[in-house]
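For reference, the structures are reproduced in the following blocks.
After this come two complexes, each holding chain A, first together with chain B and then together with chain C.
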Partner chain A sequence: MARRAEVAIIGGGIIGCATAYELARLGMTDVIVFEKNYLTAGSTGRCGAGVRQQWGLEMNVRLARGSCKILESLNEDLQYDGDIGFDQGGYLVLAFDDSQMEQFRKNVKLQNSLGTPSRTVSVDEAAEIVPHINTEPLVGATFCPEDGHADPFHTTMAYAEAARRLGVDIRTYTEVTDIEVEGDRIRGVHTDDEEFISCGMVLNAAGPYSGPVAQMAGVEIPVYSERHQILVTEPVNRYQKPMVISFQHGFYCQQTPHGSFILGLGDPSEPKGFNIETSWQFMEHVAHSVLSVLPPLADLRVVRQWSGLYNITPDAQPILGGVPGLQDYYMAVGFSGHGFMVGPMTARLMAQMMTGEDMDMDISMLDLGRFDRGELIHEPSVV
Partner chain B sequence: MSEYRIQQHPILQFSLGRRVKFYFEGEALEGREGEPVAAALHAAGVKVLKYSAERERPRGFFCAIGNCSACLMRVDGRANVRTCLEPLREGMWIERQQGKGDLDA
Partner chain C sequence: MNEEEIIICRCEDITLADIRCMLQAGVDDVEEMKRLLRCGMGPCQGRTCRPLIMQEVASHRGVDLEDMKVPVFRPPFIPVKLGLLAEAYERRGEQDNGQTS
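Here is the complex of A and B:
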């Protein structure tokens, strides 16, 4: 096994695997991905896997739209034997009061200016798009037919397999236990099989564990992890095409191509930490919230629940880039619950940044320094 | 009484409910009130309860304790009813459902 690599990527989720592929595509094939568990075991494989372009900031619309475009042809581009399951049934974003609707109108204007075909819809139109919706509490909604969801396992595997074919070394069940720094440079990484691998660059793509991984390099980042729970129902024939999402309740609800419904909901009182147990309180809470808007789903039986971790920053936006005073250390962390949907585009940009290529878009505002400068990013459309 | 119904069991004793009429795929059948729908169908000689969603292979009475999904049927318009647990009532309308079942009755 190689004792040296140009790039060591820590984390085998969507960010780590996609960035490895994008690096290899740019000619940087001397890359090792270290995953302490199996691929997707962190946040990626536990996520709701929605992909929406309906954001309130230009940067997020661009990241999500770019990712959406990449996903549209990913099976072919990566020559994947399976199917990433990108299902563009649209996203219906619900408004329950006039101020929400006012914000959504602004969002749609911005989205349209960037090419995203979203539109505001009346309550009646919303009921045409999702006939089983309870229109009573609704004021309106926005809809984007290009939004949807993809299979997070297949998407990650597609990237990992393509990266491997280009020469990337992906090591699962191999934990990076320390990052060795000498002066202002990265020397290499230590792994739990007592190996030292010297490397030119390190990318922290450790998702929920990004904080502890950054600390290995002596870097403090303002992130924490927080449990978010999901449940999945028995499958039924296609009933609901779009993802339905409510910022008011904090829920999202989709029907997967398999027919199962996936329901997720954030709990504002959830403590920080790495707990991924599940709770009956969640089931009750999500059922009450979703059924108040989509009553017929009450007839579905719940098959199981699971949890995953959001890696959250002070402004719920990711930290992308390096750290002043430490060369060759990069981060793509703190996605705050929307890493999967911006993953493909983010990976491309990180690879461009790390190889000194021209970048497809400016992401300098997402650097770590924004927290010291007080330049937090205020995205109005976060679940 | 059908040959598929256990008449005498070495250990258990059955108290049979009253005879009731129900419908399977539109055909009138007779069963015992309160027994599992799947048991009534079995006693009436119905062995195929559904066809698998993807390859449309026949599925019959299997786990009989509500776990395996082999007996999911459409009952009085409701999809995915576990007929091995659902008690038989007079006039019930039982159908083999299409695919994974439809949420809107």
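Here is the complex of A and C:
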């Protein structure tokens, strides 16, 4: 096996696999992806894989819209034998009071100016889009028909397979245990099979473990991880096309093309850490919240619950880029609950940054330095 | 019998041919296969199909079944209705639940 690579990517989730592919597409094929477990074992394989363009900041609308456009033709572009399952049934974002609705109106105006076909809808229209919705507590909603959800396993595999075909080496069950730095440069990485692989560049795409991986290179980043739980029901005939989300309750609810419903809910009292056990309290809480808005789901049976980790920065927006004073070290981390939906575009931008190509959009505001400068990003529509 | 008629996962309707097709394509990790084919993700949560799948993967890889890692079983252990879960939540009252929504 090769003991040298131009680029070492740490992490086999959506970010690591998609960036590997985008690098290879730009001609940088001498890339190794290290994944300590199987592909998608981290947050990616545990996520809701919802994709929404309905954000409140231009940067996020553009990252999500760009990703959405990439996903629309990804099966063909990657010549994937399977199906990434991108299902554009739209996202219905619920408003329960006037101030929320006011914010959503502003968001829609911004989104429309960037080409996103979202719109505000009345309570009656919301009930036309999702007939089983309880309209009583609602004051309105917004809807974007291009939003939706994909299959996170197939999407990641599609990238991984395409990357492999272009020559990328993907090593599963191989953990990076240390990053060697000499002066202001990266020298290489050590793995748990006691190999040293020298490399020109490193990309930290370690998801929930981004903090510990950054430390290997002597870099401190302000991130922590936090458990988020999710469950899935038995499959039934398709009757809900859009993803329904409530910032008020913190839940999201989708019916997959396979027929099962996926329900998730954030818990504000969740402690920081790497715990991914599941709790019955979560099942009861999410059932209570979602049924208050979508009562007919009461008859569905839960067949499985699990949890995964968000990797969170002080402003809940990712850190993209390098570190002053350390050349050739890059990171794409801290995506909170939206790393899947911005993943495809982020991967493209990271590959452009790492190869010195012109970038499709400016992401310099997402650098690590913003925390020191006090230039935190205020996104009103983050779950 | 034909591979396409041998059902390995009854819940998700996955045949031996589907499994072998994945193996041929290079997916020989039970965890990855489960997620790509959904075999083991049905209402029985793999109680029926998991041993069969592991057997197939083990023989493809030429390893002993005992040496393979068993995928985790995820709760709940019997399917339970959302309505019952919500009722349990409401019975306990908001205070005990420690949250407001």
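Quick notes on this structure:
Note that in this section the second predicted complex is superposed on the first by the 383 of 383 C-alpha atoms of A that agree within 3 Å, B and C clash if a C-alpha of one lies under 4 Å from a C-alpha of the other, contacts with A are read in each partner's own complex, and residues count from 1 in each chain.
In the analysis below, a contact is a pair of C-beta atoms (placed from the backbone, for glycine too) under 8 Å apart; a residue touches a chain by one contact, two chains touch by 3 or more.
Here the structure is a predicted model, which means the values were calculated and not measured.
Once chain A is used to superpose the two complexes, chain B occupies space next to chain C without a clash. Of the two partner chains, chain C is the only one that A:Ser269 touches; chain B does not reach it.
Of the two partner chains placed by superposition, only chain C is touched by A:Tyr38; chain B is not. When chain B and chain C are set side by side, the one touching more residues of chain A is C. By the touch criterion defined above, A:Ile377 lies against neither chain B nor chain C after alignment on the C-alpha atoms of chain A. Vertex at chain A: the C-alpha centres of chain B and chain C lie 30° apart in angle, rounded to steps of 10. By the touch criterion defined above, A:Asn237 reaches chain B but does not reach chain C. Legend: residue contacts after superposition of the two complexes on their common chain; A:Asp299 is shown touching both chain B and chain C. By the document's definition of touching, of the two partners only chain B reaches A:Gly259; chain C does not.
With both structures placed on the common chain, the touch criterion links A:Met365 to neither chain B nor chain C. Look at A:Met101: by the touch rule set out above, it reaches neither chain B nor chain C.
In the superposition on chain A, A:His132 makes contact with chain B only, while chain C stays out of contact range. Taking every C-alpha of chain B against every C-alpha of chain C after the fit on chain A, the minimum distance is 6 Å. In the superposition on chain A, chain A positions 234, 297, 299-301 are in contact with chain B in one complex as well as with chain C in the other. Every residue of chain A that touches chain C in the complex is listed here, in rising order: 38-41, 45, 81-82, 153-154, 157, 172, 233-234, 248-250, 258, 263, 267-269, 278, 280-281, 283-285, 287-291, 297-306.
Every residue of chain A that touches chain B in the complex is listed here, in rising order: 132, 234-237, 239, 259, 296-297, 299-301.
Against chain A, in their complex, chain C makes its touches with residues 25, 27, 29, 31-32, 35-36, 38, 41-43, 45, 74-76, 79-83, 85-86, 88-90, 92, 97-99, 101. On the side of chain B, the complex with chain A involves touching residues 53, 69, 78-80, 98-104.
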